[in-house]
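Quick one: the structure is below, and I'll ask about it shortly.
Lettered A, B, C and D in written order, each chain numbered from 1.
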């Protein structure tokens, strides 16, 4: 379990050899290849795409188009114009809730989410339901942490308009059966919207085979720059959606009293696009493809298994969620009565970076019956020594707080 | 356990031992003045949504002086110990006296070394170590923000 | 009229000494200082801000906060939490139209825009009016190209809810009297929303003195990276607005059936922020402040005066808009019956980059009675030799098309 | 004017002279078959919102053969000359024959040197230079896209 991509490839990690970065579920560190691609775009090809009639602008347009194509290919989406660039998962999900949602969800309709959604896939639907007078229903989790399919099946009906659910939980690491859930949703004529923020970076994703209508993801969680994400969608649904934002590029004709819209993907991308960060994300996809997402998955599984076992073996440590083989590279845990924030502070003094809190999943925390957990998450640059440091830090925290009460 | 054992806990950084000292852990685990008042003159609640820490504060006055104070809450050792110690520091003080202590306390959290030595803060000085950890300042100050709101509510 | 910032400071321009870049109104080239700041963020301080309990995350949070403060200061906004980061002007204006607009504009209300708005400040309001059954009114331009204040005054009334207008026209370069228009709007209790996309990069802007409720701008048009922009707003109005997007950071508490919102600026910034590009934009503001916006303005005025005079002197050339002293660094023109796209192609062959088309301002083009114009726009890296190249290119185009018909 | 005069137009790049040659400017300024038909069998309009180019195409058929064709429109020299030359190339041809010419034309625009020499394209070969300027391909193809739609509309 040495790192899958050497730390030296990540300037921040290379500069801080002692740093143990275990918060990749929040955001990942950036490889040199991505930073180079980003900078090279600005140094060689920068212009406003789509709008210019000169070679430099044509080059910017081409870089943007190629980035879209590269990323679509990475995610197994044949129709690249159905990959809509957004700022991230949050904007992608809000786009669907606002554009598709306002056009299709009315009073008495039902929206179904799970009790383990990130706020980004929970609050937009909750608020849409409140605005529309629709019923907002929360499907609970099975004992293994995955969405309870029996309950879901029982919940779905002719009034169900949307089933919004996560591919991978950012708290528990559980992996949901996406295809099965999409089929259940489609069985009652509902839209299947998948939050892929934690799926896209960690698992092979073949959108055209997944069966969902939408899959949302963030570039910054998969080695890409901040400020860019993608909404993968089915053309049939995208074509029928009204625009989300309005402005340049997304229009066809602007009359004084009405407007008509451009074709996909432009209809859903108003304003000057973020070409630089899109190019950076394409470089990240290139890198991950070169390694192979199967190997990324295997690497994380090995790390998560070790972390799970070694943490569970410490008296007083409670690990949340399923067995290691059924989860992605996330481990949430608590240590006796050591509060997760105190634990994070103690680990931080040892340069071990973990996250502590509700992880933007307050509904799930209520269901777990805790106010906060500590969370360690892994990625391609982590290796077994990072787990050593984590485990040692947890032991130190226990000592500091006194073994007795643990 | 020998320090070379990779599975063992190494010695913690010195500023952490200073922070998580006996007195703080003691207040965390056995909070003083924990509970509620039947007839509080003021009751306020403060939460930090970022970390889930929360403090509910009940105060009863005798004229301008705090007669009784109780708190409930949940959260990290720092927020709960700070609340517990604060309630001890309030008893019998006037609003003006409390204001002075609160100011001194926030100076200490902001890193003022004179405040950290000021006898007026009593046991609260145990929290001086938090000055070095900016992300934890809100934890140390949560109860004090509730107190400020309580005093201003009362007018 | 040598460049105000040397071309060598701009890697793209330094690499292509022959390139004559005259499309800065679309997007500017990036100085090394901005690219360095962007990269340094990723190499030293990258983490998800607001969420972590470790030093690296605190550093990212601090970089983000400091960037906001720096940018607010640059724009004369004392209350930095009222500078909301967006992807750009388009998102900023859509945010206001969607959040403030949906909450405040009803059937029979009136929305006023000008006939020279960029689509980003036209279509969102037009569509809001259509959605709400409000009346969408277009104030025409005075002969000098500025908004006709007499007509505007006559148009405003008790049903007017919003006056949305541009600071500087991206086609004509005209500069509107922002304070006066804001006062007219406030006189009838309407919101004053200013599109500052072409104002922010080119003129000194002191938001707290401008009197508008909102001022929207794009980082990429002022030496900053793509993917970042700002909505400057008045706290009183921002506080009363419902959130725009929903997700992480912008919530306070998420209950199963309802949610409450975080304080400003977070309420209006859902999801992982784009820290990298915000840091880049702060570096751009730093650079522009060091030069002084008065000098930027003077430099552009000198260029625009020369360009205006030399182009006007060519037989068959028609320059649109006001006299050079009353305009910002933009010159739109046509050359006889040489179509602007043909002109742009001919100039491009000489490495002169201008824009041709409707400039995302179809309503204005109708009013000018043209389908397209050519547009040259200037910035800190341009000098007189760029105008020489432009003028020579225009002459070549005339020759190619044959003088006779010009 | 001497070439050293900075105000004068220098010699244009060779591929531009090749593109903006006499025949193209002539079609731009004196378009053939400009106008409308009173009783068209098919009428279609195509616009390129990006640059404002637009073409309206009217076709009348005799059985499978184009009897008459007219166009109106506005835009750059390339789009208008392409439309004008196209209308000349259509007269009397069957849908199948037109399809063959259209395919050849788009091959030429895409840069196929054989297509650029193909006598079947006649005067249209004057537009071969556009192959080198990708941003202008949509201009050259606009009228042809209108034509494709017209033919498919007719069934």
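The rule is short, and it goes like this: a contact is a pair of C-beta atoms (placed from the backbone, for glycine too) under 8 Å apart; a residue touches a chain by one contact, two chains touch by 3 or more.
This one's a predicted model, so the numbers in the text were calculated from it and none came from an experiment.
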item: Farthest chain (mean CA position) relative to chain C; value: B
item: Rounded Å distance, chain A centre to chain D centre (Cα mean); value: 48
item: Cα-centroid distance, chain A relative to chain B, in whole angstrom; value: 37
item: Multi-partner residues of chain D (at least 2 other chains); value: 50-51, 135-136
item: Of all residues in chain A, the ones touching two or more other chains; value: 51-55, 57, 251, 253, 340-341, 345, 356-357
item: Chain contact graph, described as a line, ring, star, complete graph or other shape; value: other
item: Interchain pairs in contact, sorted by label; value: A-B, A-C, A-D, B-C, C-D
item: Chain D - residues contacting chain C, complex; value: 6-13, 15-17, 19-20, 25, 29, 50-53, 74-78, 133, 135-136, 139
item: Residues on chain C engaged by chain A in the complex (per definition of touch); value: 11-12, 15, 19, 21, 23, 26-27, 29-30, 35, 38-39, 42-44, 46-48, 51-57, 87-91, 93-94, 98, 118-120, 122-124, 126-127, 130, 136, 138, 218, 220, 225-228, 245-249, 251, 253-259, 270-277, 340-341, 344-345, 347-348, 352-357, 360, 362-363, 366
item: For the chain A and chain B complex, residues of the former touching the latter; value: 310, 337-342, 345-346, 349-350, 356-358, 365, 371-372, 388, 391-402, 405
item: Sites on chain A touched by chain D in the complex; value: 50-55, 57-58, 251-253, 262
item: List of chain B residues in touch with chain C within their complex; value: 47, 49-51, 134-136
